[in-house]
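One chain, subunit A, appears in both complexes that follow, with subunit B as partner in the first and subunit C in the second.
So, the complex of A and B:
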């Protein structure tokens, strides 16, 4: 197990290096400089001075080398746009709300989706199945900002149950969470239903029935665990995209999250912030994939890494 | 002796998009204590559906038992609901499935899968159930049971898995054990082992066994009595000797004739021509008539009743009617019958 983990971590570092390099050079290909969007307010001399100050006058390979050494020392540079604020600080300030919103949406969405999918499978071809199908299709096909608008209009403006926007107290998180959770919920429900139907038709469920196991035990002790495996596969990448900020929802509800900051930094060629945020997303992604792989082992003994010898 | 299980006029139908499939059409048989009854027949003849009906495993609402009785222990199992059947399944009646590779839960330890039934039906404590599970693993011949208890199905070979499935089925000392082609998915060498194991267990526990198979060699080896099914009906039933050495139904002749033997290389293997009838619209008269070279005119008009050949032997064919012409089974079938007797002795 330890050997496997070390191996995986080495691969993770290699993956990250490739992502960092690719982003770095892609960013350099982007037209413009961080300082030419100030509307001609600075003279060419001032611009040259600034570029020298931030090391932008050096050849690209040297900049690349400097950046990588910095990253390994935990230094992600300072923002070009926000008065020399360190990138790590900027990300830390913004990641909190995004992560909180994403985690809430994911956990609630996944649980509701799994329950919905199970009900649909158990009550296969009844009105319950059809309605859960309709909910899932709506959730998958209608974008989250439509729900966001509807929620704001009815629950906040018309009936005034929840605040319209901002990120101040738990009650403020309710609407954005609902808007954001509908998609993961729908996806989980679809996967869960399909998997559950397959599992319920399998021979080992029939054998469990032949043992005299009750319907409830069959669902929860025998079927659920086997049906969860593919659901976990889709949940992994979804976790990352939800936790790293969903730009549209953050904009609509005025959530001070990281998604909004990422877009701004790209528009203004704020190289260190782009890099820092990309690295954060990449790290989260590879870590989540590792966690998903470890979870597989926990749920499915056939994939267990330390599995017994035949 | 009173039969332990008595099936009377059992009918099973399935609603499909194409119409109502009459999978089982009036099956009658009984099973005595300690006896092995083999049910043979080709795919789709209703063997498995019959046993699923006994276990109450017919999938509702598509599957129904519109008619018939399954008398067991003073109860009619066909009338019980799922809750009541749960108490009988796995306790008094249990089942071994065809494919051991898929019939164990891949994410549950073997020990737990065996203990589940014990805890459920015999209200044993975890510790007691564990001890009993170890005993069972020993009984079915799994080495290192202590270690094997904590392993998962993928760590077992096919033959070992089938032993586990048998252990699960035997857990609560069932009165009737239904084995649905328990050796079909296994290697020939393993098949022999599993059959020996089942015979051995039957001797020890005095269980009645219903053995479904289409392997006539296995039947000769394990069964006391044989029921031949065709198109949802039993067409011939009797002791192994009755059915193998004195078969009366042309379908049984066909089955025996299509059985290859070690020294049958000189001629072409006999086959039954045609295909089984569509059970959505079962044919008028004898369902086998269209494929039967000995069919009489009446076979196409009226269904033959069960004619008694002897106290233990009966067959549903008009050939047994007193007015029917005397027809001898084809020569190859006679040869086969002789072949089986030699082989049967070889195996036992």
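So, the complex of A and C:
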């Protein structure tokens, strides 16, 4: 186990280095400059000066080396767009709301999705199955901002049950959470239903039934456990994308999250912020994938976690 | 029992995934909470001092910077103007009035090269220190110091303020800038060349005073939080939460505090146009700026208003493009393009409001004749939309250039609005000019700017917002070889007029004004650009909001000092 973990962590570091390097060099070939988004009101000398100030006049490999050195010292640089604000501070300020919203949406969405999927599988080919299927298809095919718009219009503007937007109290998180949880709920329901059906038709369930094991015990102890594996697989990456924020939902509900920052930084060539957010995403991703792999073993002991060859 | 265990396992594993994945997020949540609680204290503090007169509005983005010398955008400029005060300030609509300097006492030397400003003695910083001429000297030197990397400093100061150009070239020290403080309340500026519009020039936030001790004490943190901003203007910032919003309260130590009617301003960051409108409709904000599609639904509301801007938009026809320069240099070809599209159709698609179709370049109601008071813009129909005339010019161009069909590319951005711009221009031009095909090129904003700067485009739409109140802010763009002349236009007569306005006519306001009018006439006669519109901003505002019904022509959009709520 320990050997396996160490090996995985080494791989993770290598993966991260590759991601950081690739992003850095790709970012440098983007057109435009971080300092001239004004449409001609900066003189060329001034632009040259700013580039020198931020070390952008150096050859790209030198910039890369400087950046990596900084990162290892915990220095992610300062934003160009938001004058002088340290990137690490910007990320810390904004990851909170995104993570909170994402976690709420994920937990509620996943639980509801798993329940829906199970009901659909157990009551296969009944109206319960069909309606759960319809919910799942709607959730997958309609983008979250449509739900967001509808929720906001009816529940906030028309009936004024919930606040329109802002990020102030738990009640403010209700609408964005609902809008955001529909997709994970639908995905979980679909996977759960398919897997449950497959598991329920397998030999060992037949055997359990033949042995007279109670229905509840079959469902929860034998079927659910095995059916969870694919759900966990999709939930892992989804966790990262939900918790690192969603541009549209954040804009519609005025959530001060990080999703929007990622997009803006690319549009404004704000190099340090692009790098900072990419590193954040990448780190979360590799960590989640590791956790998912560890969870497999926990759920299904047949999946052995071992290091090296067997 | 066993069943319960399994449900528990299910829950635990779900929670584990989410929590473990966000181990960094967890600690962030803590800092977030701490911040929120400290913000909470601040809000209670302010709500005690705030009466009922708190204006609640929205902003389209967080404030990129509160450092006066680093601004390059609307939002920063607006809020810097609200917490600071320079020599002068803008009254609503753009009239220049006294600020820290008493305008009526300002002395200008006969050669127009030396300005002596007399400062009021009762102006203080929020910490109680007096605002002195030394603060202006330091503030201006700070903007001119190349090491500080001011975005606008070089653009505004070089060639105007004595020695600025050499300072930016690092040939002279910032202390050599032509500003001095013979005593605490006298501030003297020496210019390289007369700047007849200097009154409005000094409105720019690069010309604000700075409290040397405070700025140096804050170092890199200067202007990053409300605590690292030292106000001397009508309002003080009390809270500023990244991406959420900020709050200001009336600055009781401001010298003219008795004329500041509001007790405070609360601003929320709302990036989505529909969310802004929803918040207005539910009464969370008192005033909202409308985007294109929202205008139609609200035009009949008694709360609707349209505010004139001093900015014009025009189509650029690049005479130095790699492939089509021969065509673009042809007068008839340009005339045909300039007259062939319906300006109203463009406005309807892009803004949906009552922006004015324009056949001119320098905006109407921007500057007036110094003697007669007549508006600079007397209108012109030289480049008016006229399909018949456009077709005639087009036929002549075809004869002269010997072509039957031609394809031009139209450069625009990649946002929805930018795409609708390229579509409407393509439709209009192709419909009215036979044999013309328009190929639309939609790229991100930064790339669009690059391509324009390199003159690597054929057609594009641009707008210009002035930096000070003078026609030369517009006319200067298209002089031969000018930095922003990205259409490759060149006319000796035009150049001569602009040069005269800057030099020998600089001290003869009437003649200078007329020279600039002539220059604009030449620009239009040559069809150097194809004017489209003068923009208006459409808003909804509750009837109790006062003093915000006019936009300033340049710099900060609104003068919140004069805003009021009268319920």
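We take it that the second predicted complex is superposed on the first by the 305 of 310 C-alpha atoms of A that agree within 3 Å, B and C clash if a C-alpha of one lies under 4 Å from a C-alpha of the other, contacts with A are read in each partner's own complex, and residues count from 1 in each chain.
Quick note on the criterion: a contact is a pair of C-beta atoms (placed from the backbone, for glycine too) under 8 Å apart; a residue touches a chain by one contact, two chains touch by 3 or more.
Everything numeric in this text was worked out from a predicted model, so none of it was measured.
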Combined model on subunit A: subunit C and subunit B, fit or clash: fit
Vertex subunit A, arms to subunit B and subunit C (CA centres, degrees, nearest 10): 160
Which of subunit B and subunit C A:299 touches, first, second, both or neither: both
First (subunit B), second (subunit C), both or neither touched by A:45: second
Which superposed partner A:172 touches (first subunit B, second subunit C, both, neither): neither
Contacts of A:211 with subunit B and subunit C, given as first, second, both or neither: first
Touched partner set for A:193, first subunit B, second subunit C, both or neither: neither
Subunit B versus subunit C, judged by how many residues of subunit A each one touches: C
First (subunit B), second (subunit C), both or neither touched by A:114: second
First (subunit B), second (subunit C), both or neither touched by A:106: second
Touching partner for A:225 - first (subunit B), second (subunit C), both, neither: both
After fitting on chain A: smallest Cα gap, subunit B-subunit C, Å: 11
On subunit A, the residue positions that both subunit B and subunit C contact, one per complex: 221, 225, 299
Residue numbers on subunit B that touch subunit A, as the complex places them: 55, 57, 82, 85-91, 94-95, 97, 99, 102-108, 116-117, 120-121, 151-152, 154-155, 165, 168-169, 171
Of all residues in subunit A, those that touch subunit C in their complex: 30-33, 35-46, 49-50, 53, 81-85, 90, 92-97, 99-100, 102-103, 106-107, 110-111, 114, 149, 152-153, 156-157, 160, 163-167, 216-217, 220-221, 224-225, 228, 232, 235-236, 239-240, 243, 251-254, 256-257, 260-261, 267-269, 280, 283-284, 287-288, 291-292, 295, 298-299
Touching residues on subunit A, where the partner in the complex is subunit B: 202-204, 206-215, 221-222, 225-226, 299-302, 307-308, 310
Contact set on subunit C toward subunit A in their complex: 2-3, 6-7, 10-11, 13-25, 28-29, 31-32, 35, 62, 64-65, 67, 70, 72, 146-147, 149, 151-155, 158, 168-169, 220, 222-224, 241-244, 268-272, 274-275, 278-279, 281-282, 284, 443-447, 449-450, 452-453, 462, 467, 483-484, 486
